[in-house]
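We call the chains A, B, C and D, going by the order they appear; numbering starts again at 1 in every chain.
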Amino acid sequence: MSLFEVKNLRKNFGGLAVTDNVSLSLAPGDRLALIGPNGAGKTTFVNLVTGHIKPDGGSIALAGEDVTGLKARQRVSRGLVRSFQVTRLFADMTPQEHVALAILQRDGKSTRMFGRHDAMREVVEEVGEILNLLGLTELAHLKVREIAYGQQRLLEIALAMALRPKVLLLDEPAAGVPQSETARIERALDMLPPELAVLMIEHDMDLVFRFAKRVMVLAAGAVIFDGSPQDVTQDVRVREAYLGSYANAGSAA
Amino acid sequence: MSPKGDRGGDATVRRMDRTQHLRQKPPSALPGISPSRGEIGSRHRIKPHHKDVHPRMQTVLSIAIDALAYGMVLFVISIGLSVTMGLMRVVNLAHGAFAMIGGYLASYVTRDLGLGYAPAILIAVIATAIIAVPIERLLYRRIYGAPELTQVLMTIGITFCVIGLANYAFGPTLKTIPLPETLSGSIDLGFRAIATHRIFAIVCGVVVAFGLWFLIERTAFGIRLRAAVDNAPMAAALGVRTQLVYAVSFAVAVGLAAFGGVVGAELLPVEPYYALRYMVTFLVAVSIGGAGSIPGALIACLLLGAIDTTGRYLAPEYGEFFFYLAVIVIVTLFPRGLAGRFK
Amino acid sequence: MKRFLGAAIAALAMSVSAEAATIKVGVVGPFSGPFALQGKNFKAGIDAYMAVNGAKVGDNDVEIIYRDVPQADPAQSKALAQELIVKEGVQYLAGFYFTPDAMAATPILQQGNVPMVVMNAATSAIVTKSPYVVRTSFTTWQTSTPIAQVAKDAGVDKVITVVSDYGPGVDAENAFKAGFEKAGGKVVEAIRMPLSTNDFSPIMQRIKDSGAGAVFAFLPSGPTTLGFVKAYNQNGLKTAGIKIFAPGDLTQESDLPALGEAAAGMQTTFHYAVSHDSPENKAFVEAATKAIGNPAELSFPAVGAYDGMHVIYKMIEATGGEQDAKKAVDAVKGLSWVSPRGPVSIDAESRHITQNIYLREVTKGPDGKYINKEIKTFERQGDPGLAAAK
Amino acid sequence: MAVLMDSTLPTRRRPLGTLIGIAVIIAAGIIGYFLFPNNLALLTRIVATMLLVLSIDLVTGYCGVATLGHAALFGAGAYGAGIVSAHFGITEPLTMTLIGAAAGAVAGLVSGLVILRAHGLPQLVLSIAVVHLFHEVANKASGWTGGSDGLSGITTDALLGLFEFDLWGRTAYFYGIALLLIVFVLLRILVQSPFGMLARGVREDPIRVAAMGASVHSVMLRMYVISGAVAGIGGALNAISTQVVGLDSLSFTMSAEALVMLVLGGTGSLYGAMVGTVSFMWFEDVVSAANPFHWLTIVGALLIVVVLFAPKGLYGSAAAFLSRRRGGGK
């Protein structure tokens, strides 16, 4: 049985099928990239999976448990974690505080009303390890608003790691990062635990080819390709979806 | 339990009295009728009313008219606030202060200069808008886009200043704006009398609603305003002078406030504390309508007018309860307002 | 350490009260905020008294220290009263527009050895809170009771009462009801409306529907009275012959210019009208007008303050400037004099003022301005509220 | 491992901040006592208000909830403490304070449940509606609350059986300072705890907090209850020291003034709340004593000046200025 199972997920907006019978399954250690042209329904799909919008049909199961009816945060506590396409961090807090908060939340200690996180030994150690792993140690005490965007993206990954998910949804982890710094993101992604199942949504095909072992292509809300990265560029329907959409965009402008 | 002091005794007396008056609710003229409040409309018809209309119907109609008139006055005053809050995104607690300035000016123009009602309205609106221009340039411009709390602090500060100055300049007494002969009487609607002035207020409300809708949806200025609101940098890049658009919008909003202050003065009399006294009412109306929405504000004001008026009729002693409970229910059901245009 | 401090402060306080050449009177009232007009009247009354009678009692100079409590706020009132006693060393506390503010200061009178002269707060029970309280204003019971007789005499049998839903309003309702039913009338309905009511049309509809021949109304003086009186006219109650009876708060002199025509003919009972015809009042109005600046702002709290100062002067006389609250209060028990409002006396038992209550009608005065014209006198009225509370 | 930790992650613990705060409060308390020995009642009132402003800081500064109705919690505490004394003969001050805290907490729960149903302006309006409802209830239940005449007849035993609440207000003052100290220390612990950090996260980005698996609503509601307890203690202190509770303690006016004080001082630091309260009330006292007739204008001007020149509030802007100077040196 697979770790993560999406079956026949459907969502309509005003009669338009934005997600059309999408199914996918992930096993531990999977590295799956979900790609597709603009407007293919990737964002909707992420929001359906994380629980921010309700599907019109279909089911989502995590480690054998049906989570379709659960709230977003309940899915998180069961091991389904996401990162954001545009960083969502706490501008006035430090990386150390971010990661500590994630660890405390994971361990169910985030509502403790006494004691300081930086006085809790295990927490400090783990924060140190994670920040060290991602090369953020130097920045541990700066406010997020003071650090560079590329490093904020790394912090997003650090947060995801701190939550120790079973399934991780990476929503364009390299979006907005200058070309010179994508290598650091790639290295960070390599350090994700091997048993973790990762679903990455990404535009940057270089990153997809380097990271993913499997690729799914979404177009007009439906899956049109599911196979190895080597085959995806050869697929007729994929070429049509991408080039067709470019052609359409050209004529509309 | 009751303490020994007379105060406690006094309180007990009051409570007793209250239950007594409740017990005596069904007047002796109509024995045997349940004292439930819902029946009030049908009870004790002593004087014959107009023959064609059923008594209960008369009461319902009468309340409906009152609700409409009150709601429209609310609308005329609050719509300007809806513009500043919704379109310019400023929590403008000083709105009442501008309405009050308008009222004072109109009172001054009519009573001290001896001019008529119409010129008074005109002068009040224009002069208040002119007064608002430097205030916008010097103060409001600094808080566009600032956190809500900062805006609250600044606009409360402005309100305090205006109150203090009004008190200093005009004294603490009530100021009236004498109505012209044509508006001062009552009109007999057959089943009841209504102040002519209220009809005038209703008409003003309709005119303002339509005029504003036309300005925002149908004119070049409206297009610029909406563009400036949706995306200021983009609008600026397209050649819209956003600063000017903001200044004009602010002046229009303030002019509307002054207009409302004058037209509504019969209901909300002009005195220095006007600016604070009715601030909450205006805020509630705008928020329920959804800031920035003209139809929303209209519906909200009529709804609030209806709730308030009906509550005051059926159970005046719980009028406040009804009103604020209704506010809570409506906001809970429509957290973005009845027709929120923006967040 | 603590004892040392205590002693030091006690010594400080002693030194303040020992130099008795200047006797300080602390006045607490609303000098800013929505009720600033009433505070202004306090000051006008006090200034007028001191202008007429001098700022000296015997060898002692009298100095007034004002403290501002803009709205009913007992915590602030008590803090200021305390400060006046311990810091400023006042020998007398006076003023107090709102009942809770007066109540809050009563517990410290005994310990501070300071009498309190209430110049406005109108709930009956205040005088029972401390033996050192004397009141020179009125109570709502006192002014509302006689109008019941007026209503009955006017041939009205059924009355609906409409009051603002707070202490004085409830007092007025109870007072009228007690008086009217004693006279053989009937209160068919009693409506209490929130203080914040702006639109009175629905209330007027209720009055019409009640079938009562008249309405008894109590609203605190100020902005809302205007809306109420206008609604009464515009909703056709006046033309339908439904009479209105009220204590004088509804037609306070400072509201009359605004009420104008709408209030014409309205009958109210109160302890004071600015138009009262007597030499004492002429002198008072002249002095008070000078003090307040604008004659249109002069109103009833001024006379409460004026007579309050009279009582305080008598107290200072009796004690020779020494700080002795008991002696001071005892000295004015039973004191009677002719006030601008007419003959008055301090009831020895309740320490509340006994005075005439006048029936007045709003009419145009000789100069074309609206006044409350006295048309009937109810002589020597005590406070029925205290008896009712017992 | 510990060695590694030390080398990789410099810990920057600052219990010093709290110690300085304690020292400042004690020092200010003593200075206030000697400087204004005859204004202790005013100082006590400032302390009580400070507790209210601190409680607003908890929800506004730490959770980002805008409220113009927080006096509901303060008033609940004041009436709670007052009613048990006036009607049930519970006159022991510590017990009264605890009851005030409990009443405030319950009021916090109730208003939290209502207010947290919306955001932004509608939330502000909900908070206004809540405080008006509380006000109406207190006005109606005049048998219990004395209605608009105020709840009088509150008596208080000597504190710990030793210190009478006297005319000078010394006992009330020191009791107030002690309460403030205790509350301050507890709140410092709270805001530095994991929960405090979570709350700050809620203020900055609720969606991120939810994506970590935490319940935003429950965080805010808990904070509201705590905030209610703090405001309730302030209310109880007011009831104990004044011996009268008026409807004003449940009013919109008081809520608005307290919020103004908070924003004046600066949100989200606890210190800002205290600085703001002292500055505003001291300013109000001085100006209104100097000219009771027109002080409102001057207060209004002060607010405008603060917004223009110290937009983060008095404390917030001063702290930012200092850290910038220090940052420049490093």
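As a convention for this text, contacts are C-beta pairs under 8 Å (C-beta built on N, C-alpha and C of every residue); 3 or more make two chains touch, one makes a residue touch a chain.
These numbers come from a predicted model, not from an experiment.
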item	value
Centroid-based (C-alpha) most distant chain relative to chain C	A
Centre-to-centre distance between chain B and chain A (centres being mean Cα positions), rounded to whole Å	50
Where chain A and chain C are represented by their mean Cα positions, the distance between them in whole Å	72
Chain centre separation in whole Å, for chain D relative to chain A (CA means)	41
Separation of mean Cα positions, chain C and chain B [Å, integer]	32
Where chain C touches two or more other chains, by residue	32-33, 36, 40, 103, 123, 125, 129, 165, 170, 194
Two or more partner chains touched - positions in chain B	5, 7, 14, 167, 317, 320
Contacting chain pairs - touch in the sense defined above	A-D, B-C, B-D, C-D
For the chain D and chain C complex, residues of the former touching the latter	37-42, 44-45, 48, 136, 139, 142, 146-150, 152, 166-170, 238, 241-249, 253, 288-289, 292-296
Complex contact set, residues of chain C against chain B	32-34, 36-37, 40, 103, 123-125, 128-129, 158, 165, 170, 173-174, 177, 186-194, 196-199, 201-203, 205-206, 209-211, 222-223, 226-227, 230, 233-236, 239-240, 254-255, 257-258, 260, 294, 296-297, 386, 388-390
Chain B residues touching chain D - in the complex, by the definition given at the top	1, 3, 5, 7-8, 11-12, 14-15, 85, 91, 139, 142-143, 146, 148-150, 152-154, 156-165, 167-168, 280, 283-284, 286-288, 291, 317, 320-321, 324-325, 327-328, 331-332, 335-337, 343
Partner chain D, residues of chain A touching it in the complex	50, 72-74, 76-77, 81-82, 84, 88-93, 96-97, 100-102, 104-106, 109-119, 121, 124-125, 127-128, 131-132, 137, 140-141, 159, 163
Complex contacts: residues of chain C adjacent to chain D	5-6, 9, 12, 31-33, 36, 39-40, 66-68, 71-76, 78-80, 82-83, 85-88, 99-100, 103-104, 106-108, 111-112, 123, 125, 129, 165-168, 170, 194
